[in-house]
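Structure incoming, see below.
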Amino acid sequence: MTTSANPGSTGTGPATPRPPLTGGVVPPLVTPLTTDRTLDVPSFERLIGRLLAAGVDGLFVLGSTGEAAFCTDELRARVIREAVRAAAGRVPVLAGVIDTQTGRVLRQLDAAQEAGADAVVATAPFYAVTHTPQIRRHFEILGERADVPVYAYDIPLCVHTKLDPDMLVELGLGGVLAGVKDSSGDDISFRRLALRNRAEGGPLTLFTGHEVVVDGAYLAGAEGVVPGLANVDPDGYVRMHAAFRRGDWAAVRTEQDRLAALMEITRTASSVTGWGAGVGAFKTALMLQGVIAHNQLPEPFEALDGDDVEAVKAILGTAGLLPPSLPPLP
Amino acid sequence: MTTSANPGSTGTGPATPRPPLTGGVVPPLVTPLTTDRTLDVPSFERLIGRLLAAGVDGLFVLGSTGEAAFCTDELRARVIREAVRAAAGRVPVLAGVIDTQTGRVLRQLDAAQEAGADAVVATAPFYAVTHTPQIRRHFEILGERADVPVYAYDIPLCVHTKLDPDMLVELGLGGVLAGVKDSSGDDISFRRLALRNRAEGGPLTLFTGHEVVVDGAYLAGAEGVVPGLANVDPDGYVRMHAAFRRGDWAAVRTEQDRLAALMEITRTASSVTGWGAGVGAFKTALMLQGVIAHNQLPEPFEALDGDDVEAVKAILGTAGLLPPSLPPLP
Amino acid sequence: MTTSANPGSTGTGPATPRPPLTGGVVPPLVTPLTTDRTLDVPSFERLIGRLLAAGVDGLFVLGSTGEAAFCTDELRARVIREAVRAAAGRVPVLAGVIDTQTGRVLRQLDAAQEAGADAVVATAPFYAVTHTPQIRRHFEILGERADVPVYAYDIPLCVHTKLDPDMLVELGLGGVLAGVKDSSGDDISFRRLALRNRAEGGPLTLFTGHEVVVDGAYLAGAEGVVPGLANVDPDGYVRMHAAFRRGDWAAVRTEQDRLAALMEITRTASSVTGWGAGVGAFKTALMLQGVIAHNQLPEPFEALDGDDVEAVKAILGTAGLLPPSLPPLP
Amino acid sequence: MTTSANPGSTGTGPATPRPPLTGGVVPPLVTPLTTDRTLDVPSFERLIGRLLAAGVDGLFVLGSTGEAAFCTDELRARVIREAVRAAAGRVPVLAGVIDTQTGRVLRQLDAAQEAGADAVVATAPFYAVTHTPQIRRHFEILGERADVPVYAYDIPLCVHTKLDPDMLVELGLGGVLAGVKDSSGDDISFRRLALRNRAEGGPLTLFTGHEVVVDGAYLAGAEGVVPGLANVDPDGYVRMHAAFRRGDWAAVRTEQDRLAALMEITRTASSVTGWGAGVGAFKTALMLQGVIAHNQLPEPFEALDGDDVEAVKAILGTAGLLPPSLPPLP
């Protein structure tokens, strides 16, 4: 395993500093809901059990895939607590602390730590437009407050600001950031980040948040991957990461092509595009696989149904990812 | 006065339905901070007193100018309570309920109502991308829950989605929305919204959120204005609105040109652009006018200082908006 | 008439400098095509005759509406020559010199002058990204070369760069630019441009290129209007401009609201959006009015047909803009 | 060599159909200018000689790097003729046919063929906004007219439209397109294009137009590369491509990292960003290497000078790419 859980989160560990994640497969977990949109704890436990069985290196809750933007503060705290409980120290639990600006993110940070998160993942401020000086200060304030490692979450699709690679490496050197989850869709900037990071001794651990270009990200310098599709096929990403670790690029590429074809499940919905199509498909696939009970989405989205479900089913079937092809759940 | 306060907010009113705002000048109040970034209540009271003395028709707290994105939930509730207390039923208090998606906005709505807001102002969902079907559902859910009028806040600069005029008018006809604050920067769409609204009997009260094109918005069909600059020169906007009411377009235009020149205070900062330059300038002007004690900004922004303050001062001086030119504060 | 034709264009005028346009209604003419997509000269003559009969102050050919981006160089030259011939010196003919970068625009400028244009209209450079220093230099080079007035065409929708108001006023003061056609969709920036221009003595004549917010643009400082919809209802824009000149804002507003309703013809097409829907509707309306023979569009667009034509017809009928309601063509 | 020159272009070949490029390194040549901005033919010959000596598989003139947007039609034709003459049939010459809309692009196509181009490269239409149905028709019309292979050029930075992968593959199957040069900056879409292309039997030859993520593009399915930086270091790209061909991914990655570091020359200019900084740096490097005589840029850009030249020189020196480290020019 390439990571180490935060012993502090179980209340039994020594006072030694927690090693941050050094890479690996860290799925951004969906948040299973009941039909009336409360947390479906048994489904969440099954999902976590399955991911751990597949050999993932960490769990990332309350990311964009994890519905952070939709969850009330109470629900957010509960998601973290349940994940920490279910993980039981076997892998670290990272929690998104998604909120608009510094003051509000600090509250999310406090709550995430109190709920037992082993690390937090924070975006650039959003809603009010900020630029690099403010974004830098934002992370510095978070880093100063946090008792756990802070990862920067570069996701301009959601926050409409791109994190500057030079700034990120400087914040890594300054001990503010432990790493970056890059969901920027900008592989050119990611290459530059990786080169700068390496030139400075690698203060940051770099993760790509994309599903279908992980092989290129590994070549560029990613040490880990945070793909939403790993909810549906964690084994594939674990195999791809193992191939990367042993330098078997042909195997990496083959696995990536297979996973990229599977990612088409996020493009089949006729009723919705974007977030609802993506997370809607992940949840639908998990429902069809018997991992979660419902494919419910949070308001104002509606669960996929009818032909949209059938389309997901067809792709899963072709990929051999429907029971009884699946290994039995833990 | 073109508006009527919510009697229910003082706890003494009858059960008659609250009349929504029918237009007028509704400044989006800045949130005065102490140097250590807590709410500066005496400054807030002075600001409100001054705006009421100028004859504004409502107070909008926790908008973009009001730092909603920066305030913790506790601070938000306090801002509303203090505004309601200081307004004392003389004009309605509208509160922004700015948060990412429906579930979180509902919490903001509950809290705003509990704190005594007479109406709430909600944006499209943000962070996760949504489209018109989801945005429509979002407002429908808010409208169903709310006991006070709901206004839609069209501010693509912050939420990166433009509200569809047809949808807005339909939500007005359906009783979901009482009106729209348009900060879209899209006067063509606003004209269309106004035309559609009029053709359907005017279910929506339309406000422009822009400072320097209010005259055009009035011509198009705005009944009110929510300009950040009214913190600094409420008398100017009240005069312009009165001229609009009596159909004196030459006076409207003259006043608007004067206010547009004053708006240059938001373009002088050398150290920052965007939100920090705009609200930074408003607060600096209010400090120079003796209305608020400090021009502090929330993290991760810093207050304007040095030459940036002098630049604001020079423009205010030219405009005759520095003491002792100013009327004494109430 | 608020403008003066270029006597030089008829070959008979004295050597006195041509007065630039001082405002007024300057329709951006559509370019009528035959079914096999050659210039339909009789239709073009009828269109020009009708516009002159309505009392327009200038003719703008080869703008965005005029299909400049679609016309070969040969067709462009022919369009200008035919317009100059048909105008016969009664009003000036302005020609778009739309091309990517300076060297190519200079060729368009030379050709436009040779074909008899009384003024040229140039955008910011496009395709390769430029910034204000390059855009300024671009206009300076054009201004140095041109023997006719140069107008800046601010149309970020097409060129993806917004012209800076300060730069424009400076170029006006320097004698490089005679005016600006603002199709920026940014009324806030336009207000600022107008204020700066007035403060500097008004070196620029400002035109708005928008159809439905002309009243606001007049209030802000526009002296003229270049609306595509004036192909379809030139009388409406001439009436609105006359009302503006005499300060009758109620009449301006009423006319603008009527024209804004008419502009819905550009939103009815089911088969296409954007340019094809807009110019497609203008040409269809002109065909239905008997002004041009065909509503053909250039490749890769197709003419509106079927229900899309009926939808335009219905709106024109409601507006009383179909024969025999129309005044007879000249 | 993975490509085959168009025998027709030398006037001596048989009538057999020309094989399109099947991949390889195809540098987008800069267009060397004299100080007074005319074509510097001796420099152009030296550049071509050097690229051929390095073993490139084709020459792409009049791309974005090649100043197509700046060159007059006369200059464009001359650039093609000189390149065809200098290449002398050893590798094919591809020519950009960059213009706004179909009618104008057809003229560029005719001229490029007449000047001897072995293939043409066309973008989506620009200036007037188009959507997939129009873009498809655009390419179909070009394909019908062309006697040489047509490549699609996906460059949203310049044309502000992204080409749809499904459409591209269908146009490949239909014989309209021979391949795609992807400069989209969207590696996720590129992966999808590559998968779809492979699933359909590979009708398209895919090239990436990016300099620093070629390794990832190879993994995804690119068969070739069109990097501006290959003007400066053609040997590096040829080595990387050879490593790709033999499946030596470690060597690919090492070479790519080295080239990515070299690409920093495009980020050093203090006076300009974007196109001028990129092509300005390529030309400056070529001047410092003794390949071209001047680093002149077309209007409205200015050549890099002073510290900006020194910054490029420093990076080249570190990379061992300054004489006498360089191999002697042919």
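Note that the chains take the letters A, B, C and D in the order they are written out, and that residue 1 is the start of every chain.
Note that in this section a contact is a pair of C-beta atoms (placed from the backbone, for glycine too) under 8 Å apart; a residue touches a chain by one contact, two chains touch by 3 or more.
It should be emphasised that the depicted structure is a prediction, and the values quoted were computed from it without experimental measurement.
Visitor: Sort the other chains by how far their Cα centres are from that of chain B and give me the top one.
Guide: D
Visitor: When the C-alpha atoms of chain A and chain C are each averaged to a single point, how far apart are the two points in Å?
Guide: Comparing mean C-alpha positions, chain C is 51 Å from chain A.
Visitor: Between chain B and chain C, what is the gap in Å from one C-alpha centre to the other?
Guide: The answer is 37 Å.
Visitor: By the touch rule stated above, which residues of chain B touch at least two different other chains?
Guide: Residues of chain B never touch two or more of the other chains.
Visitor: Go ahead and list every pair of chains that touch.
Guide: By the stated definition, chains touch in these pairs: A-B, A-D, B-C, C-D.
Visitor: Residue numbers of chain A touching chain B in their complex, please.
Guide: Listed in rising order, the residues are 37, 64, 69-73, 75, 98, 100-104, 107, 125-131, 133-135, 137-138, 141, 157-160, 272-276, 298-301.
Visitor: Quick check on the complex: what are the chain D residues that touch chain A?
Guide: 185-188, 191-192, 195, 210, 212-213, 215-217, 219-220, 247, 249-250, 252-253, 256-257, 260-261
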